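Every chain is named by a letter (A, B, C, D and E) in the order it is written, and numbering of its residues begins at 1.
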Amino acid sequence: MSLFSFCKAMAEWTADYMLIPVFNFQAGLFPPFSNPAGDIADWLETDGGLNTLAWLFAVNIAFAIGMTNLIIVIHLERKIAARIQDRRGPMLSLRSFRELGEDLAGNSPSWRFKQNYAGIGILQNMADGIKAITKELIIPAKADKFLFTMGPIIFISSSVFLLVLFPLSDRFAASSAPAGLMVIMAAFSIAPIGVLTSGWASNNKYSMIGGMRSAAQLMSYEIPLLLSMAGVFLLAGSFDPVTIVEQQQQSTWFFGLPMWNFIPQFIGFIVFMICILAEVERVPFDLPEAEAELVEGWTTEYSGIRYMLFLAAEYIRGFAGAAVCTILFLGGWAGPWPVPPEVWFLLKVYLILIFWIFIRWTVPRIRTDQILELGWKKLLPLSLINILIVIFMVEIYPYLSDTLTLLPEVF
Amino acid sequence: MEIKAFMKEVSSVKGVTKVGLVRNNVVKCNLDKEGSKDFFVKLKDDFGFEHCSLITAIDNQPQFELVYHFSAINGSVFVKDSSAAVMAEIHIFLDRDTPTVESISDLWFGANWHEREAFDLMGIYFIGHPDLRRVLLPEGFAGHPLRKDYVYEIHEEEW
Amino acid sequence: MSSDREIGIMDIIVNPMKVTLKQFFKSTFGKPTTVMYPLERRDPPPTYRGMNAVIWDLCIGCGICGEVCPNKCLKMKPTELSDEEQDRAWYGSHLAKRKNKAERPAINFGHCMFCGFCEDYCPTGAMTMTDFYELADTNREGLIYPARSMKVELEDLPQLPLTNYMMESPVLDVDPCIGCSKCVDNCPTNCIIMDEGPQNKTLKSGKTRNVENPYFDYTICIGCSTCVKVCPADCLHMEPISNSSSSGLSEEGATTEA
Amino acid sequence: MAEMWISMGPQHPMTHGLWTLKVKVDGETIVDADPELGYLHRSVEKMGERRKYFMNTTLTDRLCYASSTTWTHCYALSVEELMEVEVPQRAQYIRTIMLELQRLASHLMWAGAYMPDLGHITGALYFWRDRELFLNLLEAPSGSRLLYNYIRIGGVKRDLPDGFEQKTERILKLFEQRLDEYADLFENSKIFRMRTEDVGKFTAAQAQNLGITGPNLRGCGTKFDLREHDTYEIYDEIDWDIQTREAGPGYSDCFSRYMVRIDEMRESIKIIRECFKKMPAGPTMASKIPVRATGEAFRRTEDSRGEALMYVVGDGSDRPYRWKIKSPMFTTISACPHYLKGYKVADIPAIMGSIDICIGETDK
Amino acid sequence: MDMSSKRIKGNANLRRGLGSKTTDSDKIMEDPPAGDWLALRSDQLLKWIDDAVYNAAETTGMREVVDRVTRPIFNYAQRFSPHPLHFGIMCCAIEMGQASAPDHDIDRLGLVYRSSPRQCDVLIVNGPVCEKLRPKLKTLYEQMPEPKWVIAMGECAISGGPYWDSYSVVAGADTFMPVDVYIPGCPVRPEALMHGFLTLQKKIREKEPGMFLRR
């Protein structure tokens, strides 16, 4: 059963037993002309209404999964970083909830703090997020107020939009468009507009340099990124994630192993990995927010929840980038049977994310001119070479092999 | 150049008095304020003291004293049978009314901020200094605090 | 040296990541070096200079700790002693036993820099520094520790000889001395006695009388300069006198000349 | 983009202390720079005139927070020169050990502060982890983690505790292993080299004129170390070498300066080991230390950052009449327009970090 | 609605707009100075929503209910995630850095050093405040968003410490800004810094500042 049919069944159930009775009850209370409740009830019974409701459910499920992932990814990052650095990382444990419970009950308990810091630390992200809500939102006096508020909105909305575009498997997809990956990449490149906007609107020199760097980095890395993806598209003959994954699964290697795209297109895989790292702005390519020289990059002037949204959006983009990589090169959700494909997909994504985390805490940051040089002088030719290889594989090799098999018959 | 020869050459320069030796590798001498620049040029170009270690300003109540420390890093002046690097310690005495002396920051860039500091904290004016501003204290600070006659309020906590 | 080898393509990611991966596995499956502070703590060494404590039984109220404190954060505060405390007082017991109001050090920890001079220069070893460092407080007044809050009692007292760490001792200028014996009253170690002076003095009334002069026992003088401070006639001053060279009472001629 | 001034500091991750670096940039290229100091000017020299000679060791401790022992030692040396105090042999050995341990801790502090400048947080934490070992070592005899107040005029405060030698040896061995291990992470890493090589270059002749000393000068290939060239304590009795590096003929870049300090750490380990081997028994404090002094004296020592010089004038009282501190970083920072020009904004932390700035001694 | 007019502050047009049904949008457009109308209008809109929600909550008594539920939660979040400003003045800054070293690992307590004052909750004054620095420090404090706390770390920040008789050092940070926690020590040990943060937690808990609907 696919996600959509599951949602549809859920929507039917909800509409029949919860929504329509309520609306009908409401419609009965008031005169029919001013009250739209009856119309809504009627509309919910139609196919279009049920579909809309099902879509709502599907998008919400995808969103919830994405947000859960976000928390897990941030937690993973902090814990793995801590382990790499020979320390323990955040340890705020469930035990400290006891204090919260005592608060809610209204009594003022004795102060005990010793046991709070002895756990796995998943609550730390919650505390950070909730704290950000309570913080004051500062708009600098000389900032462009409208653009300053718009920046985080553009950034977070484009990133959250990414979440619903991914199929976790061929059956678990909130949306499936034939041009799926193109839409994803388009959504990817909206976010730098938000970066540039907020960097400029902050009226801060560091922010502006950060925004400019972001734009420059995007321009120099978008091209090799798309070119390296082009190889995969050529091989599969489609932009559809489902088709791409199926194609990877069909083509076999020796011993009948599936030949995922990273084997024939190794160069493309490397180029794509580097480019997507630059695209999601992680170390060593996190120049726009280079902490050493530009205090916090383009987020310098943002406070409270606006800043937390930036942070969350960055991790969502990281997650999305890893998901694209999995679909394109690592066979997507394909894997041996007993494990469901959704889990396979998430496993692969997390593997890539962990790899990225290791890179992040292993290497220093690259300089601006070096990053642009790498993009234009090295990655662009490499991605073109990759396309040539794919063209050889797709067009020339079948032709040649046909000719070769025909040759004995001719002579 | 051996340090004894160096001492002899230094004592023959006009304006130099009381040439002495401290701790086998430091040549100490007094220098007249007039014509001090010529001596410093000689010190740098002829004797090869390419590093200006320190400029100290001392408030000797009636007059000011400037103490320059130079060191010969590359060993153009040396001590026999010893690896010690030679230093030159030069004292210049200034009147309290006219605490001016010629700047040496064009010879040694390292002296630039030392002179600024001496101006900042002791109020000695270096003629020909490219950028004689306060360096440690904020702009608009009144007085030169390292002078002995500078009085300031000490905040002592009552408890 | 290992850094002189050629840098190859493996040195971009792979070789550096070997190090971090090794550390990752080490600290994931082993134990990270972290000491989890609120739960467990690492003990500072016995020499650690933390919050001060005063062994009152040893304290003679000489005020040297306040004298050598570069921050002037340590003040001698007059404190009422209980009978038991008076009984237990060991060195300089004459002061404590005579008056039930003695001076004991109080410290403003909002000003103290834990340099340890008070501990080092204490002639009796009464001032000690503990390894307690959790002094954080939410108000400023809470950092001022009165004398009594720093009192500690030890079972076995260290029997240290009185030492003059100040390297200076008082010297008498005989002429202005009026023989008031204030120095004797205030000397914390009882190292001064009054005795007949070397010369007779002519008073204002015209009478000639022998004035009693103080004599110092430099073996137990601690150089606290209390006598210099209380002297109404300014006839005492401090001079570097090493303990070994002068023992017993001072010679009249030697001191007066100096 | 037109030329504009960017003001970095006093609150900026790059500055490693309180100072402001104003840079004029054209796009991302540095055209001009103007350092500004004084945010930490505590008037140590003036306060020293109000305190007795022995009390001033607390002030010298706080001069440079990363290497306090070396500064206290410099002060003690110059006052001993002024007062003509003979320091016992054992005290000299202990001082040398403490100085080298402090140099190790200071260089580790620098390395730990340098890595985040390049965007390498892990490096910082690795180096700080090792620094913690040396802080524990230094804490054992002196009783404090950072500001030791251990070296006093006329010797050291107390003898080394029991088992100090074994503990030191264990830690040195561990640290040597780790240094070898880190080679792959830092100096052999391609990206680390990309960031540090050919950046922040100056020649040896330039450096001497600009007043740059210490490891930064030795990074240009100049063999000049005051431990050898104006020897003090027992450095002349110990077999050790001056560590130099050069990026090219007679000039240094960030990488050579980095390597010089790493080499110096290895050399310090050697010195400590030899000191323990040769250390005699005896008192640790001079028997007679005067309180008052007349005259003038100065000594210079090799601080972890370069040439430290203290000039003390006494007028016969128990307090110094004038006390002047020469800080190596003061002149080095003043010269920063010379070695910053022409590089990118992203190079500023790489260059200024490799210089090893300590504002406490600079602002006095 | 007299009840709302008592509570609402701000633009008079908006107040009328909330009370009566005749919202005159033209007047809202005209009222702000020309050229900046877009920004100001969104601002006013937000204010209007704020006022409306607050009034509705206040009149129905929901505010009390919401506050009582959310305040402990927000308080909880605030005290377990204090982000200090990455700002080093002197010796204690080294120990502050050392506190994040693996041996002490201040990240366990949820402390992440942020370089921008906009994203910080705690300002750690970790050294002597000189006259030249004081205005800058004050600016930094003002740049931080509410709620914010100040920790005076070490003697210099508490009272001037070793530099009490200097001509250029301010006698403590509390002479020009409110200080919440004082940590004595010279320098403060990393453990003592952690203890200071735990003291700060205690203080935050006792004050209960967290509020959902602010006014």
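Convention: a contact is a pair of C-beta atoms (placed from the backbone, for glycine too) under 8 Å apart; a residue touches a chain by one contact, two chains touch by 3 or more.
Quantities reported herein were computed from a predicted structural model and do not represent experimental measurements.
Shared contact partners of chain B and chain E, listed by label: C, D.
With centres taken as mean CA coordinates, the chain nearest to the overall protein centre is D.
Should one ask which of A-E and A-D has more C-beta pairs in contact, the pair is A-E.
Among the other chains, B has the CA centre that is most remote from the centre of chain E.
At the far end from chain C, in terms of centres built from Cα atoms, lies A. Averaging C-alpha coordinates per chain places the centre of chain C 32 Å away from that of chain D. Taking the mean of the C-alpha atoms as each chain's centre, chain C and chain E sit 43 Å apart. Here the spacing of chain A and chain B, counted between their Cα centres, is 64 Å.
Put simply, the C-alpha centre of chain B and that of chain D have 24 angstrom between them. Within chain C, contacts with two or more other chains are made by residues 12, 16, 19-20, 32-34, 36, 38, 70, 72, 108, 111, 113-115.
Multi-chain contact residues of chain B, defined as those touching 2 or more other chains: 137-138, 145, 156-157. Shared contact sites, meaning residues of chain D that touch two or more other chains, fall at 12-13, 38, 41, 43, 46, 58-59, 122, 125, 129, 147, 185, 189, 191. Across the assembly, chains come into contact as A-C, A-D, A-E, B-C, B-D, B-E, C-D, C-E, D-E. Of all the residues in chain C, the ones that touch chain A in their complex are 12-13, 16-17, 19-21, 23-24, 26-28, 32-34, 36, 38-39. Taken in their complex, chain D has these residues touching chain C: 51, 54-55, 58-59, 61, 122, 129, 139-144, 147, 149, 157-158, 161, 180-185, 187-191, 193, 259, 262-263, 288-292. Residues 23, 25, 50-54, 56, 58-59, 67, 69, 71, 73-74, 83-85, 87, 89, 108-114, 117, 121, 134-138, 145-146 of chain B are the ones that touch chain D when the two sit in their complex. Residues of chain C that touch chain B in their complex: 72, 75, 108, 111, 144. Note for the complex: chain C touches chain D at residues 1-3, 5, 7, 9, 11-12, 15-16, 18-20, 22, 33, 44-45, 47-49, 68, 70, 113-117, 120, 129, 166-168, 240, 242.
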